[in-house]
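Each of the next two complexes has chain A plus one more chain, namely chain B in the first and chain C in the second.
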Partner chain A sequence: MAHFKKANSLNEWMDQRLGVNTLKKVMQSEYWIPKDINFLWAMGMVLAATFGILVVSGIFLLMYYIPDTKLAFDSVNYITMTEVGYGWLWRHVHGIGASLVFLIIYIHMFTGIYYGSYKRGRELIWLSGMLLFVLFSAEAFSGYMLPWGQMSYWAGMVITNLFEGFSPDFAGGALNSPALVEWIRGDYVPDQAFLGRFFMLHVFLMPLMIIGVIVLHFGTLRLPHVNNQEGADIDFDEAAALWKAGNKKESKVIPFSPVFLSKDVFVLGVYFILFFYLVFYNFSFAMDPVNFDPADGLKTPAHIYPEWYFLWSYEILRPFSKDLGLLAFIFAQGIFFALPFLDRSPNVAPAGRRGLFNIWFWILLIDCIILTFMGKLPPEGIWNVIGFWAAITFFALWIALPIITMLEKKK
Partner chain B sequence: MSDKSSERRQFITGLGLAGFTGLGAIGALYAAKRSWDPLPSVKSAGFTTIDVSPAKENQLVVEKWRGKPIFILKKSAEMKKDKRDLVIGGANYHISIGLCTHLGCIPSYRPDSHDFLCACHGGEFDASGNVTKSPPPSPLVIPPFKIDGTKLVLGEEGPEYKKLKDAGLTA
Partner chain C sequence: MRELKIFAVVAIFSGILYYGVEPFAHGQMHKHVDSNGLVYDGKADIAEASKDKKEAKTKFWAEVAEIAKLKGDVAAGEGGYAMCMGCHMDGIPNMGGVVPPSLEHAGAIYDKNYLIALVKDPAMASNVDHKYADTMMHPMGSVGSMFPTPQSIADVVAYLQAKKAGDVTPKVAYEEACMRCHANRYGKLTHLGTAPVTKSNIMTGYDVEGMKFKQKVAEEQALVAAYMGKLPPDLSIIYRARSHHFLETLIENPQGQLAGTAMPRVGLNQNGMDKVMKYLQETGDPSKPKREALGPWVIGFFVIFTILAYLWKQAHWRDLH
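Let's turn to the complex of A and B:
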C-alpha cells in the first residue's frame, strides 16, 4: 500500500487520494488558451451548457412520459402540458434547446472550417466532433418520435424506409433490404415496438454515447490546443513560462480557468438571453403544428419536412430518383468527416487569407443555407430547379476541394 | 521458465480468453438481434378480408392491412385498363399498398386526372399505380391477395396473385 501522510486540509486529503491538484492543473489552471481568439471560440462551452439544459429538462419530461402508442400523445400534450406544474417550461426548454443546439453546432463547425482548425494535429478534434454531430442527429430524431404525432409517425416512416437501401434493380438487388426496415421497426409499420426502442435510444443509449464522445472530444483538444485567429503556431511552453513568471501582458496565452472561462460565461450570458426569449415568447418556433395531430397511419400530412436543421441534407436527397437520391444523401452525411484529408494545403490560416479556399468556404455556407430554404418549400416548379442546382453545387464543391487546396501556395 | 514457454503460455491464455469472450459476444449479439425482430403476435395478425362490391367507380377506398393503407379503386369505363388490374365480378379494380415506393408517404388520389400524387417528394402514379413521375423507383406494390367471390383476402397468395407475381407485375 502507498504511504499516506496525515493531511492538513481537505484539499490535501483529496489530493493524496485523487490527485485533484494535478487534475486541476491539467484541466484548468495550466491548460493554456491563446489570447488571439474571439467569441466564436466560446461555442464549445455554449454547446456543453445547452446539452446540460437538455439533460435536466429531459429528466423532468421523462417522469410523466408514457412510451405507449395509445397514451404517448396525451402524456405529452395533456398531462405534461396542462397538468404538471411547470411541465410546459420543461417541454419548451427541451424543444428550443434541441433546435438551438444544432444552430450552435453549425456555427461551431463553420468556425472550425473557416480557421482551418482541423489540421496540423487537430484531425481527431474534427473527427470526434463530426461523430458528435451524428449522435446528436440520432438523438434529435429519436426524440422527435416520442410525442407520437403525425410528424413523428411520418418522419419515422420515411427515415426508416431509407434503410431499405437501393431499389431491386440496382446492383442486382444486393443492396435492397426491406427486411432490414421491418427489423428496425419491429413491425411492418412504425408501431409499439418502434416507439419502445426509440424511447430507449433517446433517453438512455444515445445520451450515454454523447457524454462519452464529449469527453473524447475534450481529450482530443488537450494536446494540440485550440487554434487561434491567425492560425499561428504558438510555442505553448514558452508562452506558459512567461505567464507563470508574471509577464501576463507579454504572454500569448491565458489559463483556461478562471481567465478564459470568465469570457465563456459572458458569451453564455448573451446566448441565454436569446435562449429564454425563445422559450418564453417564441416557443412555437420549435413546435410544428402538424405534430399536434395524433399519429395516423392512414393519412400522410399534405406536406412533410424535417426540422430546420435537417433540411439541407433532406433537400440533397429530394431532387433525384430513389437510388441517386440515396447516394447523394450518404455522400452529404459522410463527406464532412473527410474534410481534414480533402484539404491538401498545409496552411493553417483563416479562409480570408487562403485565396480560392475563401471563395469555396463562402459558397459552401451559402449553398447550405439555400438547400435549407428549398427543403422547406414544396417540391414543385422553380423550387425543384433551384434545389437541384444547389445539390449539384454541393457535390461540385467537395470534388473541387482537393484541387483548389493543392494549388494553394505554401505560406 | 524459458522465454519460449512463457511466450507460449501467453499465446494460449490470450487465445482462450479471446475465444470464450468472442463466443459470448456472438451469442449476445444474436440475442440482441432476435430481440428486435417483429413479435409473433405482430406477424400472425397479417390477414385481412375486404369486400370490394360497395366500391364506387373512380372513388378511392382506403382499407388497412398490416398497419398499411390499402388502395381500392374501381375503374370507370373511360379509365385505361391495365395488366395490373384485378377483375372481380366483371369490373376492373386497381388494388395496391397505398405507400409511395420512394420513401413510404401516402399518395393522394386526384379523381379528375385519374392519378396519384405523393406530396412528400412530388412522385406521381397513374390510376393503375404505374410511375409517371420520378423519384418513385417502381409502381405501387400489389399486396398478396386471394379472390373469394367479391371478397379479397389480403396476406394470402391466390392463383391470380401468383400469375401477376410470375409476370413481375406486383411491384
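Let's turn to the complex of A and C:
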C-alpha cells in the first residue's frame, strides 16, 4: 500500500487519494488552447451544456411519462403539460434542446470541415464526433416515438421499414429481410413492444453511450489539441513555457481554465438567450403540430416528414427507386466518417485559403441546406427535380473531394 | 470584428434554414383558405357546388338574404321557439345521430343569417346537403315545415337574438356548438357533458355509477359515429395540432378545408368564434399565460448573466494581445 502522510487541508487530502491537482492541471489550468480561435470553438462546450440540459429536463419528464401506447399521449400532453407544476417548461426545454443540439452539431461539424480540424492527428476527434452524431440521431429518433402521436407512429413506421433492405429482386433477394423489420419492432406494426424498446433506448442505452463517447471525444482532443483559425502548427510546450513565465502577450496559447472558459461562458450566455426565447415564444418548429394528433394506425397523415435535422438525408433517399434510394441513404449516412481519408491534401488551413476546396466547402453547405428544404416540401413537380439534382450534387461532391484535394498545392 | 463577421455568416445561414423548413415549407404544404369574415351568404357553397346544385344553392341563399331584411317580431317568435324546444329541451336523448344542443345562448354565438338559413333548411345551411337525397331527412330537417313563412322564420330568429343572447363562457359556447360531436377529455367533457362525480365502492374497488355513465357515453359515441361515418376526434389538444386560422376557417366552412367531410358548418358569429377558440386554447395550450408571465424573467436573467460573463471574459482577455 502506498504511504500516506497526514493531510493539512481538504485539497491535500483529496490530492493524495485522487490526484486532483494533477487532474486540474491536465484538464484545466495546463490544458492549452491556441489563442487564435473564435467563438466557433465554443460550440463544443455549447453542445456539452445542451446535452446537460437535455438530461436534466429529461429526468423531470421521465417522472410522469407512461410508456404505454394507450396512456403515453395523455401522460405527456395532459399530465405533464397541465397537472405538473412547470411541466410545460421542462417539456419545451427538452423539445427546444433536442432541436438546437442538432443546429449546433451541424455548426460544429462545418467549423471542423472549414478549418481542416480532422487532419494531422485529429482524425480520431472527427471519428468520435461522427459517432456522437450517429448516437444523437438515434437518441432523437427514439425520443420522437415517445409521445405516441401521429408523427411518432408514422415516422416510426417509415424509418423501421428501411431495415427491410433491398427489394426481393435485388441481388437475388439476399439483402431483403422483412423479418428484420419485425424483429426491430417486436411486432408486425409499431405497437406496445415497439414503444417499450424505444423508451428503453431513449432513457437508458443511448444516453449512456453518448456520455461514454463524449468522454472519448474529449480524450481524443487532449493530445492533438484543438486547431486554430490559421491552422498553424503550434509548439505547445514552447508556447506553454512562455505563458508560465508570464509572457501572456507573446505566448500563442492560453489555459483552458479560466481564460478560455471565460469566453465559453460568455458564448453560452448568448446562446441561452436565444434558447429561452425559443422555449417561451417560438417552439412549434421543434414540436411538430402533427404530433399533437394521437397515433392512428388507420389514418396516414397527409405529409410525413422527419424532424428538420434528418431532412437532408431523407431527401437523398427520396428521389430514387427503392433500391437506389437505400444505397444513396447508406452512402450519405456513412460518407462523413470518411472525410479525413478522402481529403488527400496535407494542408491544415481554413478553407478560404485552400482554393478549390473552398468552393467545395460552400457548395456542400448550400447543397445540404437545399436538400433540407426539399426533404420537407411535398415530393412533386419542381421540388422533385431540385431534390434529385441536389442529391446528385451531393454524390458528385464526395467523388470529387479526393481529386481536388490531390491537386491542391502543398503549403 | 472578424468574430462578428463570422457570427453574421452563421446567423444568416441558420436564418435561411429556418425560413425554408418552417414558414416556406408550411406555406407550400397547406392550401390557403380565405375566411369569409364570418359572413354567411353561401358564397363558398355556391362556388364549390356541382353544376346541378348551383342553382338551388343560389336560390336558397338569396331567399335567406331576403328573410334577413324582414323585421322579426320577438313576441311572435316566442311561440315558434316552443317548437324548437320540442327537440332542443334539456335532457332530450339522441335524435338521428346526435343530442340536439342546448339553445340557451343561440342568439349570442350564432350568426343571424346562419340561423335563418338553419331554420329554413338545416342541411343546406351547414353545407352537408350532399349527404341527403332529400334534405328533409336531416335530423333537424322537419323544422322547415314548422316555419313555412319567411316572417315566421324572421320572428323566431329575432326571438333568439333578443332573449337567448346572454353572456356565454368559453366552455358553455363549446358545449352548445361542438360537444354533441366532439368530446374534450382534457376539459373533462364527454358527448353527454361533464361526467358526474361518483365514488368507488371501498370494498370492491369498483365505481359502478361511473361505469354506467361510461357505458352511456360509449353508446352515444356509437350513434354519433354511425351518423358521421366516423367518431369525430376529441378536441382536447387540437389547438396545438392545427393553426388558429385553420380552425376558424374549418368551423366557418368545413368543406373548404376538408372537401367532402361529414362535419357540418357551425355558423358562429365573432363572439361565438372567440369563445370556442378560447376554450380550445384553454384545454389545448393551457400554459400560454404562464409562459408569458415567466418568459421575460428567464430571458432577463440570461441577459444579466451574459453581461457579467462578458466582463469576466474581458478581465482575462484584455491583456492577451
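Note that the second predicted complex is superposed on the first by the 411 of 411 C-alpha atoms of A that agree within 3 Å, B and C clash if a C-alpha of one lies under 4 Å from a C-alpha of the other, contacts with A are read in each partner's own complex, and residues count from 1 in each chain.
Heads up, the rule we're going with is that contacts are C-beta pairs under 8 Å (C-beta built on N, C-alpha and C of every residue); 3 or more make two chains touch, one makes a residue touch a chain.
This structure is a prediction, so every number in the text was calculated from the model and none was measured.
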- Looking at the overlay, does A:Glu30 come into contact with chain B only (first), chain C only (second), both, or neither? neither
- Task: Return first, second, both or neither, reflecting whether A:Asp187 touches chain B, chain C, both chains, or no partner chain.
- Result: first
- Where does A:Asp293 make contact in the superposed view: on chain B (first), on chain C (second), on both, or on neither? second
- Item | When both partners are placed on the shared chain, which of chain B and chain C touches more of chain A | C
- Report for A:Pro378: first if it touches chain B alone, second if chain C alone, otherwise both or neither. both
- Message: Is A:Glu230 touching anything from chain B or chain C once the two structures are fitted on A? First, second, both or neither.
- Response: neither
- Task: For A:Asp68, decide between first (touching chain B), second (touching chain C), both and neither.
- Result: neither
- Message: Contact-wise, after the overlay, does A:Asp15 reach chain B, chain C, both or neither (first, second, both, neither)?
- Response: neither
- Message: In the overlaid three-chain picture, which partner chain does A:Ile304 touch, first (chain B) or second (chain C), both, or neither?
- Response: first
- Query: Taking the superposition as given, does A:Glu123 touch the first partner, chain B, the second, chain C, both, or neither?
  - Reply: neither
- Note on the structure: Dual-contact residues of chain A (chain B, chain C) 302-303, 378
- Query: Contact residues on chain A for chain B in the complex?
  - Reply: 154, 157-158, 161-162, 167-169, 182-189, 191, 193, 197, 297-304, 318, 320-323, 325, 378-380, 384
- chain C residues touching chain A - in the complex, by the definition given at the top: 2-3, 6-7, 10, 13-14, 16-18, 20-22, 24-25, 28-29, 185-186, 233, 236-238, 240-243, 284, 286-287, 290-292, 294-295, 298-299, 302-303, 305-306, 309-310, 312-313, 315-317, 319-321
- Touching residues (chain side chain B, partner chain A) in the complex: 33, 36-39, 42, 46, 62, 64, 66-69, 101-106, 108, 119-122, 134-138, 171
- Message: Under the stated contact criterion, what part of chain A meets chain C in this complex?
- Response: 35, 38-40, 74, 77-78, 81-82, 88-89, 103, 107, 248-249, 254, 258-259, 262-263, 265-266, 268-270, 272-273, 276-277, 279-281, 284-285, 287, 289-290, 292-293, 302-303, 308, 311, 365, 369, 372-373, 376-378, 383
